[in-house]
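Listed below are the structures to be examined.
Presented sequentially are two complexes of chain A, the first with chain B as partner and the second with chain C.
So, the complex of A and B:
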């Protein structure tokens, strides 16, 4: 591997440093190996690393054809996802970047269609914001059709119906989802945990060339634009696309940075005075959320320590507040005071006491590792005990999650999603005979069913678990949704 | 009242020199002084002055000397009397008091001392106490304030001399978890009591039946309580023993009575615990079949016995032991089972969802079975039972009837035991040492990171280390005791039969 890691434990910091100097290919290799070796872990770090890498990848690419760029990103994404399939944030960011590329391409064509190619740069930062609501209201026309996890992702556009009218568009969607279901299952043989409908998305990650170039959004359709000069202006687009995609990735990075503050903004809507809140493991998001509420209100926090995997981080969080686990982070130096310094009583308990105390707890606040498309989530081990105990005592469970943790993966086999960690954390390897004869198991994550979650608070606001699929759709299926809906 | 002074107040002896007018004048000044003093006092605290007033009123005439000492400072400032007079007055006090001792023993000095005394505790005396208290409270979780009785005793200091050495030793074994578990503690206690009883001699003028319990056993029990709150089984055994002692015929010779008691204790241990355990194990191991996966939590001697018996019978099965910090009792159990040649899987508490996925039956030990069918057991048991119930895996509790209790509980908060929070601190043992170096390198970068050892110095931080939790009856499918297998709803019946009907 690259020698960028001399003298330092490889981590996100070293990776980001080496990213500036080493070549694209070796950076990709480095990130893949860091992911494999779990030297970059946790959703946030994975997301950051992936976004930075993709920025570099896009920056180094000579873009002749947008499709080539998409293929390239997909290819990189596939390698990273293969390196650590359980860090879903990686895949999420890759999808988001792909979405950015598609959007930019569309935008470009739209702008060209409307007249000038000049204002492309100014439109890009704003483009994402206005786009989202538009998508969601076009979405609403077919929500009745999309039940549960079967989302209307038209990944296999029918060549015959590009210009159909609204009702037929809906029909087409229904068809498409139905059609997507079976091939989805087939493709998910290698990716068993992926929903049929979502599998189609991943399948294009896996088989980038499986999709005909004609299916790219810019070429096929966009009702707002008249697809006349799509290929003529390619040369002109080349630079603009690159700049815009990089801008888009920067937006994504910005989002990763502000996501906690955005979530924390709604803290006062959820925490009232004098309540008792249970939380688990160390999460920057949760700590910031509670700290924001602590400025105005007094409450009690009961903190379960998440032994044996995260208890040290938890202790550090309780005692010292925010310090990035990577130590000296050059980019985001996230420091914040521990809650106790804000006058909040923090009671640290071992995980075992969760059930005993649950009857006196007003709210449970969890931080997920990944949120899945159906509203269930993966979180640090112990979360499912907490969620179940909360349900038994009718205590609401609030999950704080940035959108970047939202994954379009559907949990068919929850067992497969769970990672098993170092048994040495449970029983030290010094105890040879015990380790030899006894099977020591240390799951790192827990899967928590959607029905145990009362509320998700994302950086876009609060929503019920049943609504998550739409947020997923907003973020990962834009151009595909557009394809289906644009006819209307 | 001033006119009473000359004729009534006995200090005549040395006050003779003062004219009535002078006395009057002085009395006035003193009165002023007293008022001033009271005024000063008032803003600080309003309670005592009204309280002092009636006291004065009762004493009536005797006020004069009282005032004298109560506010000497103001008096000196306000009085414009010659120094000589003052000295006289000062002198007058002491002899006056002495002289008055016989005449009016109750007034002045007593009163005058009370005043400042009363003032001080309320002003300064309370203040140093308060911060200490709040600081201490800070570290106690308010919800469980009723459970923080006294810190566990680990030293011999201040132990009543009556405590028998065997009980002393047992106490420290219990407080250090060397003897841990409800039945083990009960048996050990009875054995220690046996020794203690043998060395007991009834003092003259009383009988064994009347004296033994209240004067000899009580200090032993109190000592054990101070080491660790006693368990339900110990409570039941003590109740049984007390009843037994009371029923002893006073005419029985002492040695005979003591032998009788010891024999009965042996029988109790044998009948209620040893043989019972065998019976329960024999009954419970029928629940383990070929191919079963038995899930158990922490350590229970009776569950261990059941599993070993099933293994000895040749049943092929697997055991999953779930364990928790800080006691890590499950590890000992897993080690025992491992040595017995069983296939054991060891899972930390966070891995329960994984463990219940494979389990076919959950065997649990009990600290106590409560009369409303709830199970009180090592903290974390409820979570295991909950997970198992959610997956429709039968939860079976093995419990001797001596652990059945007449108490009821709805939550784990009222009935519980708080263990020292220090147990939660990570020991400097190999387990955390791996991440520790990483931590410490990080810590160098940070200015001064605190470790959990500093928790007492961090305001608003509390550590809570509970011992037990209460598993709702609906999570318990069956209770196996020596009377057979019952639903949890039958617990009170057995309790009455076994612990009260005797």
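So, the complex of A and C:
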């Protein structure tokens, strides 16, 4: 439809298009307004847009002082998060990028200061695990003051610096040790090319966790990263922070692209022949997961339709794989094959029938909107019912989530996290008299407690909900957890 | 070392980039709705800046345009333009990062039609554009509508407009209960074939033309649609407005005209009926109430308060659709019930109960106050033990202790209601007078009426204006304002804005623009008809005289033609006078615009046509009222003309010179309050002051003296 491009409704596609031409500031404003208007929604789109935008932001910045860059990214992040606090993927990506920057900076300092602990020699994850401070511990003591003092160039503790209070000194110490022990930048920035550790529900129990499953495998396993590292080894001069950070963001983007396939790789560990699987919503991650399993095994899928916010997409997914004609994402085509084309029986049920059918179901597979630090999750409305029904029948609930959905936010108030959508989807707008007199609410998300979830399958492999805090700690820096903490 | 995938992404993007647009999508926004339904608030603030759920109305409109992918916006602004400009100077829409470029046009257009004609002249519109009012709250998806419009346009150049309409049931709180639009649509082509405004359950029949029924196999008559004035227009629409200069309103003027002339012009108007999204116009107080409730109960999602449209807002949604901004101080014993909204730094005293109310920023609510359905704007103060029901208390207003504000009352800016006063539901209390000759910056303070606001209060009741022919749908439906016979129309353009129009002497125009156009309202059928004929006379005659003047036809011929027209349309002398004055001035202004100096232009046009003027002012030498009227017509016409003041001066000079108007006539004209009613009128006659002084002071030597003045 060539004529329709003029006056196109803004969306992720138009945003990415405009990103190339418009100025950084207006791109930020544009994304913020798109998020506000919900023209970019769902975790994946948000994450993609944020990462692309930050790449643009970093690219446009003239970096003299890395602290400035960090402040800049934080500032952009704050604005985006303020625009749509419930799309946590935005904040997650901002924190990841901040992590990348800090990594680069620390690496540089490591080079300058103690040449011995080079960036290319990642310390073993096991050894650093116990040393990592608990999030909750530093959260409270973290102040803008100490942060500002600790960050720039003097990472190494200088005891007796005038005016430094003791907590900030401790923080510095922690920072410095973390800096020295942190593995190379590229490794923790992205898992794009790393095979997930095979931890299925079964194998999970077989291998008692001596080490964090979220811990990063050694960098050398990543072929792509070798040139970077070798070049770094060659010229131990100043690293080009900008290029490094942009590389890091590119890796993040790659990760977003392959995250579904990575999750799907462990499908065969979870789905067995002749099982009956219950799923919910039109999530492409779940579809891919099931499709991968369907190549080898035959099973039955019962699909709850997620009325009223997602049922149309769900129907489309069941019928034709949910491919939209516009092609919002740049996805490969075979992705859009419906499960039925692979010989799987798919039965669509209304959400209310979930409990009735639960006794016949072997496994529930859910796709979350966001996973929170304590292992609880937000997912499309109806997920809570399913999880509770599953618990009543002792059916395992497996949640498929990319690491980018994992948020360091702790759900102190679950009410606040839930977004309320358009009541017109529940009661049609045409029912004028009815809507005048009745309050209609349409929650978009449900909150599901951690104890209702049996296993998370991320692109790093499976892990228990109680263990998510480790992955959070591996991916986000404590100083970045609260983006709003430091006033710009 | 760019990874492979990046290239892939780039390729994707550039592929998308190829099918890029040629021309930007434009939008025209009318900040004024050219009406007075929001009086008394609009006496002091522009309508588009009135807060709806604590966010100015225009923000909703602009947000809608931005979400539709508009790239250029033209804002037409008449009243309180300083405030509008000031507002936009500070808003995000004028920054570099704004999603579209914004151009604010100061205009003295008195209707959408005028603005459209002006737009056509200015040549600002390059392609298709969206036309909306500055009070639309909508999130209907426009992409499909625009695409449909474009495909239709590709096929048929004659399809000039698409109206975006939202399906709604028979009853809907945002719909006007008095008059509703009825669309007759051909469902196959979505073409609108007939349009009328009907009164629900009162209009016995629609007046559908015979050809319409013959031409279309199937028609749908729909009265359930919400028409919030979102039109996708082609530049052809502007041309049509220019061609038909009596069209004022987009529905009753333009749409009706286009449909009526379908046989000759073959222009067609289509509809796009959507069943998703939200669309409403805040066109009167009842709609204000309804839309606020819709926004708060999230029917307009995602346009909800917690989106925080303005960058400094921090609303958060709490249980039961309660929205609170940061820094709200609630006493422990106060209760905030559902569907309420509290702005920043508002404090609420103990024992107060707030239900379904919207409270702005920095308000101080006393103890044991009961607010139910109240709209309290920023900085208002409410004393202890006061009860406010469905009423509006505007910025900085103060309501004393133990007051009772009854449903439907409007308390305007800065009004003080003394302790223990009860304000009736029908009251519209304000401090500023309706008529201000001193300009918008210093509204005239009216004398306080203690009967309304109590001893020690400030404010008086704004009387319902007799000239206001339209019903004010008050906040509370079924209120006393809804006098059944008033020709309130859904297309609120009908009344010219009170400020501009109030004492415009141009009664003819007033009548025409007000009721005559509501052809649909049955009760005014007859009078409407004659009035329309009068209006027709004026336009036809003006056109023919201007035409004749251009051709330099001699005065006798013109007079003859005029006489014929007058007789055929049964016009009054007054109308003829007006026509002559207007057409002469039009011709002069035309010459001036083409480069002739005002003096030459006047001398070229007036003396040869002395006869015309003589005929219409000279019938009664003793009475000067006709001369005064003629001068007034000239003056008002020149208000909007280039170098109007100069033209007026020279024209008066010539008139005096040729004894067409006596000195007494000038004197009376000068003293007539109508000639100094508005600032514009004063501006235009300022230059002539000396001339008049001379004429009045010295009857004899007028000629020589004023020649000096004019230099």
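The rule is simple: the second predicted complex is superposed on the first by the 330 of 488 C-alpha atoms of A that agree within 3 Å, B and C clash if a C-alpha of one lies under 4 Å from a C-alpha of the other, contacts with A are read in each partner's own complex, and residues count from 1 in each chain.
By our rule, contacts are C-beta pairs under 8 Å (C-beta built on N, C-alpha and C of every residue); 3 or more make two chains touch, one makes a residue touch a chain.
Being a predicted model, the structure only gives us computed values, none of them experimental.
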Partner chain(s) touched by A:440 [first = chain B, second = chain C, both, neither]: both
Which superposed partner A:416 touches (first chain B, second chain C, both, neither): second
Partner chain in contact with A:25 - chain B first, chain C second, else both or neither: second
First, second, both or neither for A:250, with chain B first and chain C second: second
Chain B versus chain C as contact partner of A:285, first or second or both or neither: neither
Partner chain in contact with A:349 - chain B first, chain C second, else both or neither: first
Partner chain(s) touched by A:309 [first = chain B, second = chain C, both, neither]: first
Which superposed partner A:376 touches (first chain B, second chain C, both, neither): neither
Contacts of A:39 with chain B and chain C, given as first, second, both or neither: second
Footprint overlap on chain A, comparing chain B with chain C: 9, 415, 424, 430, 433, 439-442
Residues of chain A touching chain B in the complex: 9, 306-309, 311-312, 315-316, 318-320, 323, 325, 327-328, 338-340, 343-357, 359-360, 380-382, 384-385, 388-389, 392, 415, 418, 424-428, 430, 433-434, 437-443, 446-447
In the complex, chain C residues that touch chain A: 1-3, 5-6, 8-9, 12-13, 16-17, 19-25, 63, 66-70, 92, 95-99, 127-128, 139, 141-143, 146-147, 150-151, 154, 166-173, 175, 224, 275-276, 278, 297-299, 301-302, 307-309, 316-321, 338-339
For the chain A and chain C complex, residues of the former touching the latter: 1-10, 13-14, 16-17, 20, 23, 25-26, 28-30, 33, 36-39, 82, 224, 227-228, 247, 250, 253-254, 257, 330, 415-416, 420-424, 429-433, 435-436, 439-442
Chain A-facing residues of chain B, complex: 141, 143, 324-326, 331, 334-335, 338, 343-355, 357, 379-380, 382-383, 386-387, 390, 411-413, 416, 424, 426, 429-432, 434-435, 438-439, 441-442, 445-446, 449-452, 454-455, 458-466, 468-470, 472
